[in-house]
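Below you'll find the structures, each written out as structure tokens.
First chain A sits with chain B, and in the next complex the same chain sits with chain C.
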Partner chain A sequence: MKFLNPKRWYYTLGREKLFELLILAVFLLFFYVPLLHLFMLAFANKYQVPAVIPQEFGLKWWKYVFEQKSLVSSISLSFIIAFITTLLSMIICLPAAFVLARFNFRGRKLIMLSFLIGNAFPRIGLYTSIGIVYYKFNLMGTFIGVLLIHMLGSMMLMIWLSVSAFRSVPREQEDAARDAGAGPIRTFFNITLPIAWPGIAVAAMFTFIASLGENQGTLLVGLPKYRTMPVEMYGVILDYPATAGAVFALILIIPNLILLLLMRKYVGPETLARGYKMN
Partner chain B sequence: MEKRTWKTNLFIAAMIAPSLILTMGIIIYPIINTIVTSFRSSDGSGFSLEYYKFIFTDKIAVNNITYTMGIVIVTVMGSIVISYLLALYLRFTDSKISKFIGTMYLLPRFIPQLVAVYAMITVIRDTGLLNRISRLFGKDFRPGLMYNAKGITLMNLWFNIPFATMIIVASLSAIPDSVIESARDVGAKKLNVFFKMILPLSFKDVMIAMTFVFMSNVSAFTTPYVIGGNNPIMLGVYLRKQFSEYANYELAAALSVVMFLFSSVSAVIYIYTNLKEKEWEKV
Partner chain C sequence: MGEKIKLEIRNMTKLYKNNDGVRNINLKVKEGELITLLGPSGCGKTTILRTIGGFLKCDSGSILIDRKPIEHLPPEKRPTSIVFQNYNLWPHMTVYENMAFGLKLRKIPKAERHRQIMEMLDLVKMTGMEKKYPNQMSGGQQQRIAIARSLLLKPEVLLLDEPFSALDAKIRSQMREELRKFQIDLNITVVFVTHDQEEAMALSDRIVVMNKGTFEQIGTPADVYNNPVNKYVAGFIGDMNFIELADKTIAVRPENVLIHRGTRGGIKGKIRATMVLGHYSEVTVDTKHGIIKAFVSCENSNIFHPGESVSLSFTKFHEYDKKDLAS
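Here is the complex of A and B:
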């Protein structure tokens, strides 16, 4: 048992290294073991009780999941909704973000604040009260109703992240372009937009991811017709074997991981944290 | 403010109008609607406070409030303290391990809530990974984390530590090395540097992190809905139940206003710390 003796570790590694390894171990155990475990289950054919490692690996449950009609249609529905949500919130929020970043006008603070209030008011309370409004206007269980709920979820981050993206564009550079004879529209598309683009792309990515993962609101206003992946996931957690659930969960993660990989250059704590400050 | 032509003003109005209309429609109007509904009386005779009275006197409702607050306070404290320590480590240790953790800790922010909860369930439930590992050693260890406050808190930490760490790391990296080095040069002890410089300089962002962790957990729904017990239940689940199962819209509305007031306490602190610097007034 010499191997397990902590003193031995202490002397061979030194205090600091040992401490660091402990942090790493706790970090990985807490954050990554559940995810990796899920990953393993998704590729298990047989996983009966005492086994830690599945008795048999394979793609049996992938086939099973793709044979469930409701699950497959929820996948495409989720992507369609996420795509439209992202596009619409960019069209609606980006002009506002640009103006909020560049001009000072009466009511500006109030507008920034109203986005914050939307975030401070409990989501579930907003959804239920929107639900009541939906009943009045016959929007319950409609596509537009679901879209609005999804946009609500991402509006604040979309505006705030884009405001700070536009603000990071140096004014002098825009002025220089204007002095050289470029019109305001050309300046915007040739100077402002390219510089602000990474921040905007991060905002768009978050909108997409938030929309893909949105569950409470859709569960409330989308049923019975619009069942997105996360809504189906509620049923999957209750009714399906863990191995099938893992497959479906993995399908939900994959697009996020791809996006994260594509955007990893821009997604740092500095960019993301800015979105939560009221600048 | 510089003088502007009416054309510019029109431009500003036109750019901002769509998002403003949307905000009015899906945020402001529902909020006003909720507040009005919450003051309705059950016999329809007009204004009354009966639903608020109910929330603060009914045994089950009060129980749910204290239950929620307990979980939220433990979550906020736990995630802020752990995140601060993690952020300090990430900021001031320059090693392969800290760089590795520095790139890996953000990933949980990108995992859909339900997937993360499900992944945790497969580990902590009675036939989950922990139990199966314990069986290897001939024991039958049952973590007992499902359907109670401990499980919810554990899951909350999973979600909120990466978020809070992100905010605090961003804040700590804004403190230049030279400032800390010069303090050390004139003989300040490590603890002194921490309490006199690092903590005050990052305090504002700690408040921001606390506000958002607090707000998102007061009204949490997904986690308590999936791994919480039946009694007591967290306010988000309670509200949803009143709405969907009992169609008690007035009580649901009053509950959202109460939750909003709880959140507002932290939001006020947040706005105050933000306003103090007046940075957001700069254009």
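Here is the complex of A and C:
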């Protein structure tokens, strides 16, 4: 019984440590238990609610999901959109981030802050007003319209993380390239961009993941033609058994996990913290 | 060193928004000369070097290399090459790629490029390092490669901004010697920046002593040491005792102070302490003008004891009028 005596715990760990431990335990419970459950469901052939462990394991529902044409096409659409969104976002945001990182002009901070606005209000309000604009320019239900919504969502991270990536390139290294005979554009592509690359790759990764997960906006402007995975998810939850939903959810999560693992070295509290620094 | 003027700065002024910067700079550097800009941190040394390299635009005046004005050119078009205190090498390229970058831009064929890089690596004693990345090398090695990379581009003027300040003392003096050796062998014109007067004395053909954005004195190391033109230069270079009188300041170097038993010298005092510093000793004496430091040979040092009454005379000294102490 000694090991279970909370009083002993309290005095061994100290008050703060114990508190931290409890919070961590609750967090893990909330975070991992549903995930684990999801994982289990995805590989269950048969599952009835009151049971904890499925009655029968197997890949039945995987086969089922991949046989549904609309689901498979939504998977490929999601990836195509995420890819194009990331690419376009980089083409547009990187030059802007470079200017924001290298030049100290008036209003610089204001511009940086303005990227926050898209994330500062409930999205649904933003989408409603965007909807009005979209009807005006005939963007409703178009591919471009969906892309724009997706880019809007990740603009802030893309800009902020890239600014901090460019800022971490020492000025001297750019100057040394100019000194060796390279013009400004060659210097950017041969020196600045490669040195800033890890930080930018993290930004690109977040953009990709955010685009894969975007649903509200796509639902509003993309229907009926553009149904991405998260949009289909709504229907799946309503119309299919829970086990099919689990399979579909896993398919959504797996690319994120792979990307995070690949970039593990570069994604950390410091990268993000640096991104949120303004000056 | 020839008599030909390689680099000339005429009446150059560069001020930042807050009015810091450098004013009315005039300088002529001869071909094959190593000239040092020496001054405390913040006096404008880097500012001058960056205007020569093209990284800062000067407000007025001109900069000429081989009598041709270059102040309107961007850095990549100038026949200069600069080495900074830190972060010179590109971390995503190997040593070889770092060195090849500028040569490629100059369209030098691959085989010739290879030959030149290998020759240069040999010169700076870094053969075998070509596949290393900068972060795999020590600070000293990185600076060697940085200098080698600059030399490869055969600049008309090499600019060095405190290139050794981040290194530890022993490597610093070794690098200093090597730099001086191939600067003379290759007959390169160098503008060297440092805040370390010892480094400036050891390395330079001529020294420019700077203070708050202006030049105080330009001369050979012996010149500025033996004949400092004002109190500022006198105090900045070498050890110096200052004796403040009503209308003037007397400056005397410790090696020019003689200590006498009795009252033969002009200034009376009491021995405070003796400290052996190798082949000479430092004796400090309390006088009514403050503490005066003297260097005496070791044999003579143990004849003085703390508290003993002595008197001092000077074999050589400088006088500076208090009125023109603007500096």
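Following the convention adopted for this analysis, the second predicted complex is superposed on the first by the 245 of 279 C-alpha atoms of A that agree within 3 Å, B and C clash if a C-alpha of one lies under 4 Å from a C-alpha of the other, contacts with A are read in each partner's own complex, and residues count from 1 in each chain.
Rule of thumb we're sticking to: a contact is a pair of C-beta atoms (placed from the backbone, for glycine too) under 8 Å apart; a residue touches a chain by one contact, two chains touch by 3 or more.
Please read these numbers as outputs of a predicted model, since none were measured by experiment.
**Student:** Check chain A with both chain B and chain C modelled on it and let me know: fit or clash.
**Tutor:** Because the two structures are overlaid on the shared chain, the partners are seen to fit without clashing.
**Student:** Have a look at where A:Glu56 lands relative to chain B and chain C in the superposition and call it first, second, both or neither.
**Tutor:** neither
**Student:** Of the two partner chains, chain B (first) and chain C (second), which one does A:Ala249 touch, if any: first, second, both, or neither?
**Tutor:** After superposition on chain A, A:Ala249 lies in contact with chain B alone.
**Student:** Measure off the angle at the C-alpha centre of chain A toward the C-alpha centres of chain B and chain C in the combined model, and quote it in steps of 10°.
**Tutor:** Vertex chain A, arms to chain B and chain C: 90 degrees.
**Student:** Mind working out whether A:Gly131 is in touch with chain B, chain C, both or neither, as first, second, both or neither?
**Tutor:** first
**Student:** Which chain, chain B or chain C, is in touch with more residues of chain A?
**Tutor:** B
**Student:** Which partner does A:Val33 reach: the first (chain B), the second (chain C), both, or neither?
**Tutor:** In the superposition, A:Val33 touches chain B alone.
**Student:** Contact-wise, after the overlay, does A:Ala177 reach chain B, chain C, both or neither (first, second, both, neither)?
**Tutor:** Only chain C; A:Ala177 stays clear of chain B.
**Student:** Nearest approach of chain B to chain C by C-alpha atoms in the superposition, in Å, rounded to an integer.
**Tutor:** Minimum over all C-alpha pairs: 7 Å.
**Student:** Return the residues of chain A at which the contacts from chain B and from chain C coincide.
**Tutor:** No residue of chain A touches both chain B and chain C.
**Student:** Which part of chain A faces chain B closely enough to touch in the complex?
**Tutor:** 20-21, 23-24, 27, 30-35, 37-38, 41, 49-52, 91-93, 95-96, 98-105, 109, 111-126, 128-133, 148-149, 151-152, 155, 159, 209, 212-213, 215-216, 220, 230, 233-234, 236-237, 242, 245-246, 249, 252-253, 256-257, 259-260, 267, 269-270, 272-274, 276-279
**Student:** Could you pull out which chain C residues touch chain A in their complex?
**Tutor:** Against chain A, chain C makes touches at 53-55, 74-76, 80-82, 84, 86-92, 101-102, 105-106, 146, 149-150, 153.
**Student:** Inside the complex, what are the residues of chain A that reach chain C?
**Tutor:** Of all residues in chain A, those touching chain C are 170, 172-173, 175-183, 186, 190-191, 194-195, 197.
**Student:** For the complex, give me every residue of chain B touching chain A.
**Tutor:** 1, 4, 8-9, 11-12, 14-16, 18-20, 22-23, 25-31, 33-34, 37, 86, 89, 93, 95, 97-98, 100-101, 104-123, 127, 129, 132-133, 135-136, 157-158, 162, 165-167, 169-171, 173, 205, 208, 212, 215, 218-219, 221-222, 226, 235-236, 239-240, 243-244, 249, 252-253, 255-257, 259-260, 263-264, 267, 270-271, 274, 279-283
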